[in-house]
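Listed next: structures, encoded as structure tokens.
Two complexes follow with chain A in common, the first pairing it with chain B and the second with chain C.
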Partner chain A sequence: MRRLLLSRAAQAAVVIALVATLAFVLIHVAPGDPFSASLDDPSVTADIRATQRAQWGYDRPLPQQYVRWIANLARLELGWSHTHARPVKEVLARRVPNTLLLMATALGLGLVAGVALGTWQAARQGSRSERASGALALLALSAPEFLVALGALGLFAVRWRLLPVSGMVDPVLHDGLSLAGRAADVLRHLLLPAGTLALLTTAAVSRFHRSAMLAVLPEEFVRTARAKGVTEVAVLVRHALRNALGPVITIAGLMLPALFGGAVFVEKIFGWPGMGLTMVNAVGGRDYPLVLASVLVGSVLVALGGAVAEVLAAVADPRVRGAA
Partner chain B sequence: MRLDTVGRNARAAFGLVSLLAAACGEGAGRGGTIVIATAQDPDGLLPATYETREARVVGELLFDRLAERGPALNTVGDVGFEPRLARRWEWSRDSLSVRFHLDPRARWHDGRPVRAGDVRFAFLLYTDPAVASRLGGDLREAMDSISVSDSLTCTAWFRTRTPEQFNTLVTTLAPLPEHLLGGVRRDSVRTSAFALAPVGSGPFRFVKWEPRQRLEIAAVESFYRGRPVLDRVIWSYAPEMSTLVQKLFAGEADFFDMVPPPSVPEAASHPDVRLLPRGNFDYSFLQLNLFDGPSERPHPLFADRALRRALAMGLDRRALVRSLFDTLGHVLAGPFVRAQWSADTSLAQLPFDRAAAARTLDSLGWRVGPDGVRTRGGRPLAFRLLYPASSTNRKNMSVLIQEQLRGLGVRVELDGADNNAFVARGRARQYDAYFGGLIATPSPSGIRQTWTSDAAKPGGFNTGRYLNTAFDAQVDSALNARDVASAKAYYRAAYRIINEDAPAIWLYEPPQVAGAHRRLRTGPLRADAWWLDIPAWSIVPGTRLSRDSAAAP
Partner chain C sequence: MSSEPFAGLARAMVRRVLRSTGARVACAVLALFVIAAIAAPLVAPYDPTVHPDPVLLKNLPPSAAHPFGTDPFSRDVLSRVIFGARVSLGVAAASVLIAVSLGTALGAVAGLAGGWVDAVCMRAVDAVLSVPRLLLLIALVASTGPLPVGGIILLLGLTGWPATSRIVRAEVRALRERDFVVAARAMGVARHRILSRHLLPAVAPQVLVAATVAFASVIPLEAGLSFLGLGVRPPTPSWGSIILDGADRPAQLWWLVLFPGMAIVGVVFAVNAIGERLREAVDPRQEASR
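Right, the complex of A and B next:
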């Protein structure tokens, strides 16, 4: 296991260095710079733009900028976000927890519900209820994310006014609430975006897990358990489920980067201040420091997610452990 | 020549404004919190360095200027300007200086008095090249210096007399607190703590700013011009336009300044929302490159004035605008917007006449080929139209233009680019036709930076390189005219020349419609800066919500 971890860590370090370098080159060769928007403003003269670029060092040769970026990175200086008018560290410190809250809630709910639904569908294979739930899952999976989000927004926030339209907190009342009140306020705002994402995750996971369960249920050890008189629930949960978790664990590992990356459409429609939209805006605004810091953190999480998935799969399935 | 003196009129106006604000406050009931929906965050809150409209909206409520343009939006002389930090001013006999007398009651939000030294300090900061202020250039060009006579009196010295010198000074310069900013390095003032949490002199004080979430300001209780009626104003951010509209419909927001045209019918029928059309300073046009890309060779098509005119006449601009904006948009009549004092919508324009346009193209040798596209000497009458793919309006209108010109035998290849690439290619002159959009100001003098020969130099904004000395001369005369009537006549002559030359096809002024919750009392919205009247806004009695009683921190 230690060898597996060390080998994955070394691979991850190389991948992260490559991704960061590639991102640096690509964002700098793309047309424009953080001050491109001012090109559309006749009052911003060439001199002003030149001064602005010089102040941030964007007038220097690319290799020199790269070395400077690496040196700053070594000192954990991530720079200034031009799109947020804040230090990048501060932007990440505010955005990453928001994204983690949204995505962890959504993925957690989605995984649990998806596994439960997939297990239930496998146990009732061929029944009318299984076919109906399968069709519903497929429908949810096929529907574009933004359509589901807009539908939920229209019904729950606008028509029935049960939940807030957008944001993460009430812009007026939040600060004056008690701690419990603030938590409840965040929860109210979380329900629609997290619910939308959870619905889609549930649908996807249930499809995978149903197939995995159907592959495991005819196995001999399941038949043996049944022959020994183990209850059907215990057969499903204790024996079949654990052996069918491999694909779900792999999916969960692959979803780990999304915990950081967020969900652009859902964040946009519900105004959730997460990393997904932040990164899209940063790329659009050529906010070099924020883009690079986000890519760096994102690639670390991708590597970490892959490693965690491998380890979990090894823990869950002795055959995988043996192969490693 | 001596410019107008504001004196008595200004004091009268000041008194009237104060009385109105006070009366409004008493009538409607003081207090309340309003939420303004917004899609964009400010890019900072320091008036010397911010560049976006969103920053202006907040910044101009936090910082008072010496004087403010009146509702007539005059920019010549000081007629109609209303006192702010300066309660009066007087001109020197040669009009090369103006002495401002500051209101002794004015205070920074930390309680320190606003002093004449703060005015001079702000001028030095704005014009310091290290600050790289986009406003500094105008100030440097117009002004020599600001001197201080005593703590409440300062004199602004102009380099030359120009009709808009007063407008340039007072609408550009916001006095800044020297005691708080004096120690900040000029090249890092943009990223200073002050720029993110400023201490101003305006009717509202800064409370809190969580980027891309919310920004809050609160009324200054002892504001020298009278306390604002509302307690708090909070901007609530959402990136999606449809979400912003829904916030207004659901009552989560009280005001949204830019209801998109597709949502206007729904908003108009919503029981809780009223629509407030407002003036507009944006305009869009199709700029034709008179040269072959960035080269010095004439453009194979657009160097020909007759062909440009034919294309302009071949487009039914009224139908285009109606298709896009229904009855809300306006056909652009020239390189100006209707809200500018120089505007003349009765100006003769190239009419829509497809038959005449076709005849002109025929006479120029462009004959319709078997595929419906005109050719001359084997060359098709075709060009690429560069537009920003992120702008739905411009994208849709590009398609409509393509279709209309197809009927004339002209092939238009649409070239959508991401905004950065679009702007960069435009400034580098790498286009045939460029779907430009500009935000004008109440002063029509911006035309010098956009359409004159001077602006056609490298780095200038006249990237299509329209060159006409007669036009330049009229603009120059307008810029130096001593009274509004003469300036108007010169501008009108300049507009007539450029319209006849058709270096661009003037397309539209997009509609600007704000939406307000019925509980909010706003009055008419100013065309140039609707936010300046927020201190007089109020909540209609009997419509208060729980958020109105929440105390400001």
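Right, the complex of A and C next:
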């Protein structure tokens, strides 16, 4: 267990170092420096630009710049966002929790629905409805997130007017609502974006979980349980499901990069004020420090999430737990 | 002598694909798109980039004259989807070729070398795989500025190799200890010759499966980048950029989302379905759970 923790921590550190270095290289490959793009922005005074240049050491030799870049990152000094007219750190601090809320909701919904669907498919193995649901899952996986999001937006929000079109809260009513009312308001806005991501998560999880269940069902402890007279539902839920839980958590961890990519599109389309929307808008505004910081923070979060998932999967697996 | 069982596997793969009705349909769908892409100038009813009448002919819903409607610039959407197949399929095919070649080369080197070379390569692969590819591409495009189609292909190719290299490396490591490779080494066959004559033909089926997975993931990726305005630039039609033209009013201009969207889903679904059959042929354990 300790070895796993150490090796996962080391791997996460390698990822972070790699992304930080890549971002550094990108800065220097791009024409000019990150602050030249803000030249045409009147809110960025020559003073701010000079301070930034000095802070990031753009007048020094490259190796020194690199050391300074890493040191700045370690202190979470991510630069100045000229489109938001405040430090990148402050912009992201407000956006990251929104993305985490969106992704956690989608992942939670998708895992529960995917495990339920996969379990049902394994129990109904070979039946017509099982095959149809498998094909539907593959179809859902073949649709890009932005397409599903546009479809959901067009039908549920615009045509049928069931749910809000955009944003995270109602711009007029939200502040006047009670605490419960505000939570309900966020929930209404969350439903379509999280549902879009959850649909794709469900499809992916159900496919993995189905084969994990099929691998467990022929095992002897399952046969023993059946022989003891345990009902089929109890066999599926209590015995087989528990053993297939480790792989599900592993899959959740492996899906994080794709889920984060999907969140970029979903946030853009539903105007969800998270990191993805911030990043895409920052590209449009040539707000280079904000783009790179979003990519960095996003990659670090995904790497940490992957590490946590791998450790949790090991904890959930009785065989590994016994060996620890 | 060593290529004999692999030729058998290749035949098994083809048989497996053709035996399944679903996969036969998928092949037909894919062939249809490829033909449409190649013969685009002959098949498409209009020029995909000309704006015939930006006032009278814009945003028309589907009709006999324009089966897929027209876009905000009065261009015929059917023609744009057909020419878009050229761009979308071409970009995907070229970038997958780059990614799979790179991945095979790196995976083979890591697998053959073993030791610290292998360890370093695989840690690098783990690291790259855990960075969301879309974020990487956004950062790259943001730093290079708008790119021509060749640049998009290069970026997609250079970010797509890790998955293939991991598969090839695992295969090569397993094959390295097999009798026919050990025998060749004992007979003093040079390393590069063992690689090209014995190992690469043996990993080819796995590489083919990896290529289908790579293709199925790069089509939505290119469409997504173009949808964000960071991929193929207007007026060149790609399926993603056609959707972008209708993205601010998806309910009113539904034909701008639905038809190119169906093209994307159709191609990806077909490639996924074929890939699944190929995987079953390569790895019979998969079949047991089917």
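General observations
As a convention for this text, the second predicted complex is superposed on the first by the 234 of 324 C-alpha atoms of A that agree within 3 Å, B and C clash if a C-alpha of one lies under 4 Å from a C-alpha of the other, contacts with A are read in each partner's own complex, and residues count from 1 in each chain.
Rule of thumb we're sticking to: a contact is a pair of C-beta atoms (placed from the backbone, for glycine too) under 8 Å apart; a residue touches a chain by one contact, two chains touch by 3 or more.
Please read all numbers here as calculations on a predicted model, not as lab measurements.
In the superposition on chain A, contact is made by A:48 with chain B only, not with chain C. Legend: residue contacts after superposition of the two complexes on their common chain; A:132 is shown touching neither chain B nor chain C.
Within the superposed three-chain model, A:27 lies in touch with chain C and out of touch with chain B [touch as defined at top]. In the overlay built on the shared chain, the residue A:85 is in contact with chain B alone; chain C does not reach it. By the touch criterion stated above, A:150 is placed in contact with chain B and with chain C alike.
Applying the stated contact rule after C-alpha superposition, one finds that A:184 touches neither chain B nor chain C.
In the superposition on chain A, A:271 contacts chain B only, with no contact to chain C.
In the superposition on chain A, A:172 makes contact with chain B only, while chain C stays out of contact range. Of the two partner chains, neither chain B nor chain C is touched by A:71. On chain A, the surface touched by chain B in one complex and the surface touched by chain C in the other have residues 30-31, 150, 153-154, 158, 268-269, 284 in common. On the side of chain A, the complex with chain C involves touching residues 11, 14-15, 18-19, 22-23, 26-27, 29-31, 135, 138-139, 141-147, 150-151, 153-155, 158-159, 211, 214-215, 257-258, 260-261, 264-265, 268-269, 279-280, 282-284, 288, 291-292, 294-295, 298-299, 302-303, 306.
Across the interface of their complex, chain A is touched by residues 22, 123-124, 126-136, 138-145, 216, 220, 223-224, 227-230, 243, 247, 250-252, 254, 257, 261, 264-265, 268-269, 272-273, 276, 289 of chain C. Chain A meets chain B in the complex at residues 30-32, 36-48, 51-52, 55, 80, 84-86, 91, 94, 150, 153-154, 157-158, 161, 164-173, 175-176, 267-271, 273, 277-278, 281, 284, 286. Those residues of chain B that touch chain A in the shared complex are 33, 35, 41-44, 51, 129-130, 132-138, 187, 191, 195-196, 208, 210-214, 216, 232, 234, 236-240, 242-243, 246-247, 249-252, 390, 418-421, 423-427, 437-439, 446, 449-450, 455, 459, 461, 546-547, 550-551, 553.
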